[in-house]
Each structure stands twice: as structure tokens, then as C-alpha cells.
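Note sheet for the following structure.
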Amino acid sequence: MSSQSYSKSELMICVAARLFQDGTTAFIGTGIPMLAAMLAMKTHAPNLVPVFEFGGTGAILEKLPRAVGEARTFHKAIIASGICDTMETAQRGFIDYGFLGGAQIDCYGNLNSTTIGDHDHPKARLPGSGGGNDVGSLCWRTVAIMQHDKRRFVPNVDFITTPGYLSGVGARERAGLPRGSGPVNVVSTLALMDYDSASFRMRLVATHPGVTVDDVIANTGFELIIPDRVGTNEPPSAAELRLLREEIDPERLYI
Amino acid sequence: MEILAQGKGELIQPPDLEAFREWNRTQKSRKLIDKLMTEQEAVSRFVYDGCYIGTELYGTVRCPMSLTREVIRQHKKDLRVCGQGVAELDLWLAAGLVKKLDITYIGLEVYGTSYALRRAVESGQVETCVEWSNGAISWRMKAAAMGVPFIPVRSMLGSDTFNYSAAKVVNDPFTGLPVCLLPALILDVGLIHVHRADRFGNAQIEGITGFAFEMARASKRLIISAEEIVPTEEIRKYPDRTIIPYYLVDAVVHAPFGSHPGEMAYLYERDDAVYREWIEASKTPAGAQAYLDKYVYGVKNHHEYLELIGAERLKQLVEQRERRET
Amino acid sequence: MEILAQGKGELIQPPDLEAFREWNRTQKSRKLIDKLMTEQEAVSRFVYDGCYIGTELYGTVRCPMSLTREVIRQHKKDLRVCGQGVAELDLWLAAGLVKKLDITYIGLEVYGTSYALRRAVESGQVETCVEWSNGAISWRMKAAAMGVPFIPVRSMLGSDTFNYSAAKVVNDPFTGLPVCLLPALILDVGLIHVHRADRFGNAQIEGITGFAFEMARASKRLIISAEEIVPTEEIRKYPDRTIIPYYLVDAVVHAPFGSHPGEMAYLYERDDAVYREWIEASKTPAGAQAYLDKYVYGVKNHHEYLELIGAERLKQLVEQRERRET
Amino acid sequence: MSSQSYSKSELMICVAARLFQDGTTAFIGTGIPMLAAMLAMKTHAPNLVPVFEFGGTGAILEKLPRAVGEARTFHKAIIASGICDTMETAQRGFIDYGFLGGAQIDCYGNLNSTTIGDHDHPKARLPGSGGGNDVGSLCWRTVAIMQHDKRRFVPNVDFITTPGYLSGVGARERAGLPRGSGPVNVVSTLALMDYDSASFRMRLVATHPGVTVDDVIANTGFELIIPDRVGTNEPPSAAELRLLREEIDPERLYI
């Protein structure tokens, strides 16, 4: 615990970082996941193996990568290959975690980063899947990082760019997606969520400091499962903040 | 092995393996021919209106930017384009050259959604967006590189990305598992920027290779731009470093800082000032046009472009680079 | 996409992709663990009676011969084996360890047909020979390496090699072309000899790579033998030279001259005297047994084997090697 | 022409070497094809590109390779990759020639190198396809090198290891093999053969010096097409013999 002030993104980075287990592999995208991975490696998960989509695996992240595929993503790596090799490594079941983002998410963790409105005549054309669909299909466990409001937490996403649990229990397997894979957490600007093991629907785990359960419900466009006990996420510790500000992102590119 | 589902997207570039074999037999010389030429000549000879074209890169890294700008300078139009694009497809979209897209990701990474993409698609200027994942588009090139009509994958399944693609789902006849079949993608033109090549087209890359191996083998016409042109002896000394053999290549262009404003592993850093200048400019059509006037139409070639950026600036980018050691 | 034809051969090792994923999730550590051990320990821990095993090599080049001999020394039996084999499968056949074969080529190259193969198959000691081409067996491993159930190819078609394989023919749903579908080959055990590896299993190869990339990724258990054990820093300095990342590897064995009597690119030449000695000996069961007694059973380990060959002889093989330069 | 004496294999090597066109790619196996390729490169085909199955392309063959995949097969090569890359290069239509051998050949150029007798209870178990089936399937033009006698030139091969024209005109395409590919020549110990463009059946082109058309017919187990004009193969020239004996195979491994 610390009484220091911190930014929303610093808190999200810390909450995300704490989700990594040591000695696992994780697909790392640009932004918060990169900072979270570096923070985890400098704290409880020194043996985390970062995998970057376009070919870098096992890099030693001395400096924060600023772009996917840049030299820091394979700095002193154990292998620098290409996108087919990393995606096939995930397809073979070697990638434990993947991080995802999007403009919309539904209660089953399906994500939209393609279009708002009708696909062929969109209100807004978003970037598209990128590696998202592959990560959401092939990694064992995925974590979504989201802004938390009703426009983003919606009953039905306009477009399923990246599969979560699709229509619910058994739907991924029926579609042919790898058995036992799927979303496990959502780190939002308001709270930490997971998924109910019986219904595969999103469930509140813990709110951020100063956020009430009602705040979360009010900003969620679908019925979020609220368990009897809802925790509060630890704010960034002094040590976490020091690492983030002095070692990981001294230029304050993201925090 | 019946078709369980198929995407409703247009198969923009249907694969014809027999025609591809015949092309590779008759149009690709096995002789060591000097293919070193200017970007003007390479683009005017091998890029044409309506062609299906792709650029190989990741984010802003190792993009064939000098070739990308030359394509705009020569007003090639009605391009059918695949990929994964940050800086380079953004410029083509802003310049209005793109008619159809096999899209995986076009955006500005941490800087968010592409303004040029939004304008081009929401206005209907881009007629079609067929959806794929980064893995899928690379695997489609891999299928073409293998000389086979399709490749099965376990990605894309169950999503709208699949529903708006041109892929199919079948039951695997060996395990019964539903698998997604991706059609081979044979490009009319591929643009790849590398660390070094000889004048015949033998090319080597430092660090990660993205999908250069696959795209080079999937392209009917291949333009290589290289930071450095080396003697063939250098290539032959380390044939195990060659990613692209000469017979795949139609043109070799010497392009130092060819990825600018993007970066090149071990050689130079990204030029964030110029990159951010584009991001700001691209917010409005007028701004984008002004940027193109300054950095593309306003210079005759890559040499003049580098003069515009300035030797001092380029020197800084070299100093800021990541090194193999340290 | 109906099945137009299918080979009548047994699918000796049916692929189970979900089980492979689960194996890779639970049995393959992501941590950097010291896996350096003797060939005795590696073979006794990871090779077992009845396992489906493969060796990676081409001709007599870069064969994992020290591991091959240790498998015989430990009397592993009922092996189900794939490949492409010259020296190493010949020894296993002569030693009577092989029960089933996914065969592509077993012979003595310019020295002709394998006597050991003839005896083992014509006597019925080898129960099954399922036929494949060299390309097909490599592509089957490639499919497993990709994590997909099969791969389509344009080889094998129309032949008895297909008829006695476990492949299938379907019409490609995109072009209508008949294509051959090869089932993924997931090996229980793979044996690969490399130029250098670190103690965690990160491995690099000089020159051509045969099918090491594919087999390493297709194997549930992987034993690497290496001419040289290098510090991890050496690997991390050139990650673009790594063919096999550590997390695929279960055991690392230091085996200088590990390919003897075969050759190793840039390091040492083939020992034709010993190779010819085998060819002569293998003409009769008694001769083969005598050779095995002398070179396999008669020595406790690879170290003693090298003493038997003699430092002087090995020095000559090093002197005779091809060099990158000249 | 020369009056020098020469061996049968020297003659076959020369006849095979003369078939190469300059500026083409060719899959080269161990033995006679290697010597033929080196001879061609030192005479009329300096721009021949040798491709070796396991990954070597465009090597400078200063010394005769003794084994498939050995270092000489990628000495000063333009690329050293792996078997999948070379086979896929052939599958894409980049390999012009392939050389094949076998224990049996029929009138359509189908080759057997798998079993004599029934496959499951063979009289003789032969090595198997190796790369043969791939080369015969994927290269544009294949040339078979054969001992010429009735046991080898048979009406029906016991096992089609490597496809020639299968059952005749159109059969390769019906099977799905690449359009326009197939066998073009056979170099035997007695003669040079090609294939009749109408029937795809084997046809005599030219006999070796001292061999009569009747000798060839008497040693062929199927009806060989005999055209009105049958040539005689030029014996090895003094230059060819000098190259073979002094430069290509001075240790006389093959000749």
C-alpha cells in the first residue's frame, strides 16, 4: 500500500501485471501490456517469456519497446523468427497468455475492433483484427484491457473481431477453437473482472480504489455477475510506481 | 469433408496455381541478371493500375517506404491491397489509390485509429474490406509460397472476422475437428525492404523476418529495396542467411533509410517527429494532402526525400538505434 | 470437398491436436532449465519401447549417431519409426528394434539398397511399411509444427506411393483441383544433432537445415545433441540464427563428432572407411552383429566410441572438411 | 568425336549432361546426375542452377559432392535452407529438371524403387521413394537414368513409386499433378529415349555407339516406339573425358 497519487493507467498496468504467473509465455502487444509485462518481470514473474507477434521470443526487455516488431522486441532474444512461427507456436499450445483490446466487449468477452455499425456501411471503421483474432483463438488464456463505459461494455458487439466465449458454454469448441482456451480476465478503468465457470459470463472480481460496485454496474451495458464478495484492487505500491516511472517508462510515453 | 461454413467476403485475388506455376516457369529467369535500378524504374515497370499489391513490414518497422512513396508519386490507382499497414497503407489510402482491401490491421498502433482509413472506407472510396487476422493473411501467403491452394488453421473460427472473410470451414477428414481453410494469396506485386541484397536480388534480413519469406515466394513480381547493396560473394559466404533467393526478384533498389520515418533493426531508429507530423496531418484531407505535397510529390525521388529530412537528423536516428550488443 | 481416394496404409501415429496442445501446455516448461545430460540419461528418460521416434538428417549428414547408438545400447524395442534413413535407421533395423515404418527412403545412397532393410522387411520382422515421399514426411511434420491436422500438397498423387500411404485426396474447395492431404505427424520422440546449443536447449545449425525446424516443433519429446555447448549469451547475440528454441527441448547432450561416421558441415568430413565397413558388414546378419558388437555394445558411451575411432583419425576428418571460405 | 576408350558410365554421364539447357534449375541427386550437372556447367550450361533436395540452391560445384546434403551441395550457394523450401519451390513451378532412377520403368515412364513383388510381402524391399515421387510430381521435366534390360524395362512396374505419365495422355492432370509436367527423357546403358507427344509412350531417340536398334528392342520388355530415323549418340569427346577424369571425378568415385 502507498498513499502516493497515481494515474488510471498506472493502476491498470499494476492490476494487469499482477495477473501474470511466473514461468509462463505471453503474447505482448504495444501499450499497457508491454508495461505490465515489464513490471511483472521486475517483480513476481522474472521468468515470464515475452512473445512478440512478428517473431521475437524471450527478449530481455531492458528498454520499453515503442512499437510492435521493433528491435527491442528481440533484444537478446532466444529466437528471432517470423509471424508464422509465433502464431503456429500459439496454435501448438505454447502461448499461455494473450492481451487484447477493443472498442466493444460483451458479457462473453467477445471483442470488436473492426466496425461500429454495419460492416459494409460502417459508422466508424476501426483498425481490424490485427493479431487479435489469432491471439483470442490460439492462446490458452486472454486478458482484455478496456475503457469501462456503456458504449464499450455492450449487450452485443457490432462485430465479433476476436472470439471470447462466443454464445457461451461449449461454443468455442463447437466452432473448432482449441479446447480449454478462452478469456480469463478483463482489466478496465474501473475494475477487474473474470468469467463465471458455470455460465462463462463476465463477473466482477474487484473494483479499483474509490470505485463502487454501483459505479461498475452503471457503466456496464450488460448484466454483470456480482458475487457476494467483491474485493478492492490494491493501488500501485511505492515499489511498483518507482519501477514504472524510473525504470520502465522514464520518458513517460504511456504513464 | 463438406463445407460447414464460408465467409461472405469477396475472394479479391482468387488463387490459380497452374497459372502461377506457368508464370514462375516462363517469367522468372534462373539466370543471374543485374536487376539494380532506381525506384522510379522499378515501380513503373512492375506496379500497375488495378494490381493486387502487398507491402511487408510490422508496425513502422522495415517498411518499404521509399517504394511506397514512389507508387504514390507515379499515381498508380485502383490498387487491390492486403495487410497490415501503419505508415505505408495510410499514405496510399490518403492518396486515394486503394480500391479493395484484404484488411488485417490498418491503424496507428498506440496513436489509435487511422483517420485516412476511416475517411476512405466510410466514404465508400474503398469498395470492399475483406476481413482477416494478421496470422491468416500471413498463412494465405504461406500457402501460395508452398504452391498449394489453401492452408488449414484453427484461428478465425466462430468470429465475424471469419464471416466477412473469404475463408471456409470444413471437418478435418483425419480428426473430425472443424478447421478453417484459408485460400492461397498469390500477389501480383510484392514490396519488401531488407538490410542487404546483391544486384541479382539475393536478400538477407537482420533480426525478425516478419512475413518476408512467405510474401517473397507468394509474389508474381517482387521489388526489393535494400539499405545496402553487397557483392554476391558476401551472400555466398553465408547462404544460410539468405531469406530471398535472386530468382524470386524482379527489381533491386538501393534505398538507404528506405524505411524512414519507420525504423530498421540495428541500423536506425524511428523518426517520431516525422511520424507524428503525419498523424497530425492525416486528421484532415487538407492536412494529409499537404503532407503528401511536402514529402512525396514535392521531392523527385528518395534521394531528394533524404535531403529534405536532412543528414543531421538521419545521423541522430542512427545514433539512437538498438545495437546487437550492450 | 468429398474424399476422392485414400491410401490403404496404416496411419501409424494418428494426430491428436488437442492432446498435443495439452502436452505442450503441461509437459514443456517455459523456464530456462539446465537440460545438459549424458546420452545414457537422455535416452533412458525420453526414449521408450514402442514409442514413435524420428531422427533428423540427410544422407549421412548431421545424423544424431551417438544418440542412435545409445538407443541400441539400451535395447529399446518395438520402435515405430519415420524417415529417411541411411546410417542410423540401418543400425536400428540391423539391431531389430523397428516394428513399424513410415518409410520414405532407407538405403545406402550410391552404395545401393540396404541389406538390413531387406532382411527386416522381407522376413516380416518389420510389421508394416507405410509409404511416403521425402517431401511428404517433412510436410507431415510441418503440419504438426503448425499445429494443424493436415497439409495439402500436389505430390504423391496418382502413384502407388499414395495408395500405400495413409493420405487422402480431395477436391480443393477453392480451385476444384484434386489435392493430396497429408496427416500431421506428431512424434513421441525426436532426435536432432546440431552444431551448437546452450544448456537450456537453444540450438543453432550451420548451412542447410534439412527438416530440423519442422521435426523439433513436431516432437513431444526432443533430444538435442550438439557438437558444442555454448553460453546462452552466444545464442542471444544472434537470435536470428536460432532454429530450435529451448522450450521445445527436453535434453541436451554434448556430442563432439556426434554424426560420425557421417559428416558435419564445416566441422568434419564423412569417415568413409568406417561407413564402408558397415556396408560390408551389413551384408550378413553375423557381419552386422559383429559391427554392432564392436561399435555399439562394445563401448560404454560416445566417449569410448571416439576413443575406439581414435584421435588421429578424427583429426584427419577435421582437416578434410569443407570450409565456408576458399 | 574422339577415339579414346571410355566407360559406359562416362558415356551415360555425357549423354545426360547434353540434355541440360543453360539457365535452368535442376534437382540433382547423388551419382550420375551430379557428374552430368557438373559436366554441363563446365561446357554448354554454365548458368545451370543445381538444387539439392535438403536445402542447397545455386552452389558453385568446385568439388564433386559425394552425398546428398553434404557441405559441397551448398558451397558458396545463394541459399541454404531446408527440404520444405526446396520441395515447395518445385511445387511453385521453379524447378525445370529432375533426375530419377529406379529398379523398373514402364512405357509411360512410371518408376518403381519400392518393392519387387507384392508390397506387403515383397520379393525384394527397395529403398522407397525418397525425393523421387516429389521430383517426378513437381518438376517440369524429368529424366530417368536406367540400366537397360528386360527386368528393368517392363510392361507394368510392380509398384508406381514415382509417377511418369501414369496410364497415358491426361492421366497426370486427372490425378491432380501439375499441368504440363512429366518425363521427357530416359538415358539408359543402351540408348537415349524420349516420349511420343501423341501417346506419351516411350520412344527411341538414339542408340549408344555400337548398340543396334535390335539390341535395344531385345532388352526392352514393352513395345518401344521406333521412329523412322534413329540417331547414334556422340561418344564422349576428348574434352568431356578430360573434364570428367581430371576436374570432376579425379578420385574416380563414379567413373
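Order of writing sets the chain letters: A, B, C and D. Residues in each chain are counted from 1.
The working rule: contacts are C-beta pairs under 8 Å (C-beta built on N, C-alpha and C of every residue); 3 or more make two chains touch, one makes a residue touch a chain.
What you see is a predicted model; the values in this text were computed from it and never measured.
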Between A-C and C-D, the pair with more C-beta contacts: C-D
Averaged-CA centre spacing for the pair chain B and chain A, given as whole angstrom: 28
Between chain C and chain A, distance of the C-alpha-averaged centres to the nearest whole Å: 40
Euclidean distance of C-alpha centroids - chain A vs chain D, Å: 58
Residues of chain D touching at least two other chains: 56, 74, 80-81, 84, 91, 138, 178
Two or more partner chains touched - positions in chain C: 17-18, 146-148, 153-154, 177, 179, 207-209, 237, 239-240
Chain-level touch network, classified as line, ring, star, complete or other: other
Chain-to-chain touches, reported pairwise for every pair that qualifies: A-B, A-C, B-C, B-D, C-D
Chain D contact footprint on chain B (complex, rising order): 17-18, 20-25, 28-32, 145-148, 202, 217, 232, 235-237, 239-240, 242, 245-247
Contacting residues of chain D [partner chain B, same complex]: 23-25, 47, 49, 56-58, 60, 74, 76-81, 84, 88-94, 96, 138, 140, 178-180
Chain A - residues contacting chain B, complex: 30-31, 52-56, 63, 66-75, 80-84, 87, 91, 114, 119, 121-134, 137-138, 159-163, 166, 171-172, 174-178, 253-254
Chain B partner contacts - residues on chain C that touch it in the complex: 1-3, 11, 14-18, 146-154, 168, 170, 172-175, 177, 179, 181, 183-184, 205-209, 237-240, 324-325
Residues of chain B that touch chain A when the two form their complex: 57-62, 84, 103-107, 109-110, 113-114, 117-118, 121-122, 124, 129, 131-136, 138-139, 142, 153-161, 164, 169, 177-180, 207-214, 263, 265-266, 270, 321-322
